[in-house]
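Across the two complexes that follow, chain A remains constant while its partner is chain B and subsequently chain C.
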Partner chain A sequence: MGGKSFFIDTSRCTACRGCQIACKEWHGLPATKTTQVGWGNHQNPKDLNFYTYKLVRFSEHERNGKVVWYFFPDQCRHCLEPPCKDVADGYVKGAIVKDPETGAVIYNLEKLKKVPFDELLDACPYHIPRQDPKTGMVAKCDMCIDRVKAGLLPMCVKTCPTGAMNFGDREEMLALAKKRLAEVKKKFPNAQLLDADSVRVIYLVLDDPKLYHEYAVASKDVGITRKVALKKLFDPMGWLQSLV
Partner chain B sequence: MTNHWIDIKNSDVILIMGSNAAENHPISFKWVTRAKENGATLIHVDPRFTRTSAKADIYAPIRSGTDIAFLGGLINYIIHNKKYFKEYVAEYTNASFIVNKKFGFKDGLFAGYNPKTRSYDKSYWAFELDRHGVPKRDKSLKHRRCVFQLLKKHFSRYTLDKVSKVTGTPKNLLKKIYEVYASTGTKDRSGTIMYAMGWTQHTVGVQNIRAMCIIQLLLGNIGVSGGGVNALRGESNVQGSTDHCILFHIWPGYLKTPRASLKTLVDYNKKYTPVCPDPMSANWWQNYPKYSVSFLKAMFGENATKENDFGYKWMPKLDDGKSYAWLVLFDEMYKGNIKGFFAWGQNPACSGANANKNRQALAKLDWLVNVNIFENETGSFWKGPGMDPKKIKTEVFFLPCAVSAEKEGSITNSGRWMQWRYQAAKPPCGVKGDGEIMVELMNKIRELYRKEGGVFPEPILNLNWPKKYDPHQVAKLINGYFTRDVVVKGKHFKKGEQVPSFAYLQDDGSTCSGNWLYCGSYTEKGNMAARRDKTQTEMQKRIGLFPNWAWCWPVNRRILYNRASVDRNGQPWNPKKAVIRWTGRGWEGDVPDGGWPPLSYGKKSRYPFIMRKWGFGQIFGPGRADGPFPEHYEPLESPLKKNPFNSQRINPVVKLFHTNADRWKTADPRYPIAATTYRVTEHWQTGVLTRWQPWLVEAEPQLFVEMSEELAKLKGIKNGDRVVVESPRGKLIAVAIVTKRLKPLKIEGRVVHEVGLPWHFGWVVPKDGGDSANLLTPSVGDPNTLIPETKAFMVNVYKL
Partner chain C sequence: MKLTRRDFMKFSGLAAASVALGNLGFDLKPAYAHAQILKIRMAKETTTICPYCAVGCGIICHTDLVTGKVINTEGDPDHPINEGALCAKGAALYQMINNPNRITKPLYRRPYSDKWEEVTWEWALEQIAKRVKETRDKYFIRFNDKGQEVNRVEAIAHVGSAALDNEECWLIQAMMRALGLVYIEHQARI
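Take a look at the complex of A and B:
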């Protein structure tokens, strides 16, 4: 398999949002207007947007009479077989590419203008891509490919004070994920790794993933849209090629 | 901190109380997380379930301002269940000391109280002395009047039932926390406390910390790795600014500011140099005159001579019995008694308690100089809400200054590490650093004095003052150098040579040192604070001690009172986490608290608490204004009419202010909701830096008030509604965050609600950000420090 992966250990995340803000800083992304009125929540901005590739999600619940507050630093999972790329490939070659060395799924903002955004978003099992309604461009986490190629850690990983964000060779990250899972299982029997075999951003959560975020795990009914399914039917070789 | 950040990883139990470390000290959680993964238990006690609570193994709610009740219960639990570290308590603390017969405690008052002056005569709290003048001891801890027995009796009233009723913390949680924390009273376990303003900003602030010190001493947690009493400083250099005397009552290095009645240097030194007849006590402060004279030599250089008392009479004196603390200054300013004010790197219009009073006070000034990076509510107070610029006479000057990354110099972190920083960027538009501004300003003043004279020009003209600001020169002067060729302790030193450590400072004018605690930081070997060397011994590695990284006061000692981490033979209580060890010839590990051999060497040795007159950890603390033991008193504003522990509702020696801006209400139906203030990760202090930073404003855009679902329902408030929060002193509009993370508390059989607000916002920017939570807080302070009580007060909340 090879390439790079993240391991995001939410058991260590304190929701300091260093990662969220460092991501913006590195990419020179502007702040978006937020307000507490009608929202009343520390999770700001409310959701990912064209200028926000990384968002720490806050969710509070009551579990067995105790309050819990779960933090989920959400970002593109860099799927091993990215369904968004299948959609894009159906329209414009090179609108979405997979970097052969790292496995990073990279968006071409300009070219993606020509790909219907709703199809792209529908295809994403994690509800990640966001469009700028003004320009039609679509953006998301780029694995800090410029940094990684220069031998640096992604900005969010570099910033994280607690060790929640980790990045490295896929094998190394998988091993780390499994080791941490075994450790936390002792205290948290519901602990699990999320979709570890199909994504490059592997989350460790301590409880039912739905309590962290609606799209923490891949939603079953998306991933392959009708168009992609048809494409698969008529162009099996092309489909297969897009996987490598 | 007695210990340091990395050392937190060595703890077995971490208590975070009076602090929201995960949010306000994010990096601390690097080490808290390590400790947890090594098996430590993390406890968080806070009125509100925060990002810290989210990571805790045990979270317990508490009503703001009842920490002494909570901790008193723990003291009672430790003693009652014999969980204390007997040998440590008997040998290293003053638990064995006999207190004189006049001492007593009745219904909330210690012996010696004078209701007219609202103060204590502390002679009632003295120890009983033997014929050598040394306190009598009973190491069996059985004597009726020994500290241990008095402590036991004092806190026997702090039962689980009583504590639970006052704090609102459920009994089962109290018990669980007491059990877990008391488990560190063994040789092989250590517990630490991480606290911050949640403990200090109360009318019982100092006694909150005292209560924890007592617990740490009972459990043998002081001096050891993974232990200590650890104040998390709210700014990167608060420790440094305190060490260098940002406060009125001290000179650098915690020397005392002289009082007017101390006419000569001899009087002054005599007053503050403790005399101890016990040869086993190092009584470190006996060196006081060496430090004070060296400081005066640093102040006045060549002009300070033996004949003129080294310029002692040029130093400003405080009137006897008078305080010049923040609250007092603003009270005087409000009354029109202060003409001019430098607001330097601060924003009192938002940061000070009872901010409305402060804003009104600024209008009474003739002039105000605001030195800051951005425009703020202080410099622009005259155009703020409720102000009529036409009616305000204050002339305001704004001096923009460089930001920290644009300056070279040192900062001292909470762990007392002095770390040198290089200048990362040049300041824009010729803007100056604070040091440059100060030097130039003073040079101008000196020039005017030289030309025109003045009432008392000597202090200004005789000052040892540079022509230009140079951080290295300042750092070298802080360390100190020899002012002439001299031999000290058999060693020859040349004039101008840097003093290697404070052990060489002299009281005859042959040395200068701007701050004795920092002597050793910039020596002939160079700038020790600039060191970035990670080498360490195996022993040091085990506890994460990096002696060659930066420099730490005093004398690069990383864990204070480390002589208490070993037994009488100098062997560590816990060899796995040893801080120091006696090898038979010397000490290894950290720099020991003095090089004397361990106690088994008898007279050659010294007791471990070298900064205390008698050499012992102070379970009984006879120096505080409000009593030798902590006692629970209600906050100035509380939901209770009566203190359930005694007949004194509030701390009986608290200082109250009486202008028409000082209003408070207790158990008043108009203000039925307890309130507290705090910070969030995303903003810093009053937000003067962070509110101009769009990414941070995006993450925390405006003032909110957090409340329970139950209170919201009661008040017809929905999440995200705009609401009014009102106290007897001010009113704010905030957005409601209705959350499960706050719960109504059961206090004395009835339901008490608590809400909380951050104090980061202000009207200047962002436009819809709201204003400072300090518009609500009362201007009343702790009797020892006068730190304001911004963490516990009463409000009402209603829908806009």
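Take a look at the complex of A and C:
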């Protein structure tokens, strides 16, 4: 397996949004219009967008007459078998590549223009990619691949003041996740790790993941479509090449 | 083609330059879209302190060696207070320098005016000094009701800033006390 992974411990997240801002600063992305009017939430912006790769989602629920407030620093999960890559490979080779060293799933903004965006978004079990309506380009978290290749931490992890964001070798992160899960389980019996075996961004949540975010865990009705599966079948060489 | 010695030097200089550039790791092969060069690879690092709150987190400013402009800011891992971490405000420090909305000239709104106008620093500082002097002279209290000597000014307040360092705070404190101010406050407690 190998490669790199994130471990995001939501039990430590205070929703300071340092990660969200640091991500924007590093990637040099512009601000987007935000509003808290009309939907009663402190979260900003309302959703991921072409210029926002990382978003701390806020959700409030009532539990036994008490308010529970959950924070979910949402981002691309860098799947071990990324369905978006399967879709893109059917149109343009190299539009989405999986970095062999780290396992990061990287989008080529120019090449991805030729891949239908709705198919790409439908394939993503976590509803992550976002398109710029003006240029047709699609973007998402790139694991700060330039930093990671230079031995630095991704910006969101570097900036996290509470230790909620962690990054390192996959084995280390899995071990850390399991250790931390055992600790918090004592107080929160519903605590769980989300899709730890299939993604490189492992979340620890204290409750039902649906209470955190609709797409916190992989939705069952997505994945590769029949069309993509057929393409794979008829183009086995291309598929094999894409694995390299 | 006749090559003069001068031309020869020019050409060899060019060749040397291209070899040097080739060795710097500029990989122009488009094989990997993500093979980006780390933008802070050749930058100069300068440490600074976050100006936004009294915690005083350490920050590294990365400056481009050619343009001299700040190209990145991030937490300083060697700083004992934050150990590399930053909150949302600290992480946004880059915008303090590179920001089209930043105000770089003093603005003045005249009495009863509905708009701000740009003024010079000289004019602004002189006006502030003049008005401080006027107010202080007018409202200076030499003795209180009991006849005790107090030498104070209650008509002016000073609101400090979290962006100030120890020495600046001392200077401000000394100056404000000398004027006789008693309302000296810090923004973090407002």
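The rule is short, and it goes like this: the second predicted complex is superposed on the first by the 231 of 244 C-alpha atoms of A that agree within 3 Å, B and C clash if a C-alpha of one lies under 4 Å from a C-alpha of the other, contacts with A are read in each partner's own complex, and residues count from 1 in each chain.
In this text, a residue touches a chain if its C-beta (ideal position, glycine included) is under 8 Å from a C-beta of that chain, and two chains touch if they have at least 3 such contacts.
Keep in mind that this is a model prediction, so the values were computed, not measured.
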{"item": "Fit-or-clash call for chain B and chain C when the two complexes are aligned on chain A", "value": "clash"}
{"item": "Touching partner for A:161 - first (chain B), second (chain C), both, neither", "value": "both"}
{"item": "Contacts of A:111 with chain B and chain C, given as first, second, both or neither", "value": "second"}
{"item": "Touched partner set for A:37, first chain B, second chain C, both or neither", "value": "first"}
{"item": "Partner chain(s) touched by A:18 [first = chain B, second = chain C, both, neither]", "value": "both"}
{"item": "Partner chain in contact with A:45 - chain B first, chain C second, else both or neither", "value": "first"}
{"item": "First (chain B), second (chain C), both or neither touched by A:68", "value": "first"}
{"item": "Which of chain B and chain C A:26 touches, first, second, both or neither", "value": "second"}
{"item": "First, second, both or neither for A:183, with chain B first and chain C second", "value": "first"}
{"item": "On chain A, positions contacted by chain B and by chain C", "value": "16-18, 20-21, 25, 161-162"}
{"item": "Sites on chain B touched by chain A in the complex", "value": "22-23, 26-27, 29-30, 33, 37, 49, 51-55, 59, 680-682, 694-702, 704, 719-722, 735-741, 768"}
{"item": "Touching residues (chain side chain A, partner chain B) in the complex", "value": "12, 14-18, 20-21, 24-25, 30-42, 44-45, 60-62, 67-71, 161-163, 183"}
{"item": "Complex contacts: residues of chain A adjacent to chain C", "value": "16-18, 20-22, 25-26, 94, 97, 99, 104, 106-111, 142, 145-147, 149-150, 152, 155, 158-162"}
{"item": "Footprint of chain A on chain C - complex, ascending", "value": "32-34, 36-39, 41, 72-75, 77, 82, 84-88, 90-92, 94-95"}
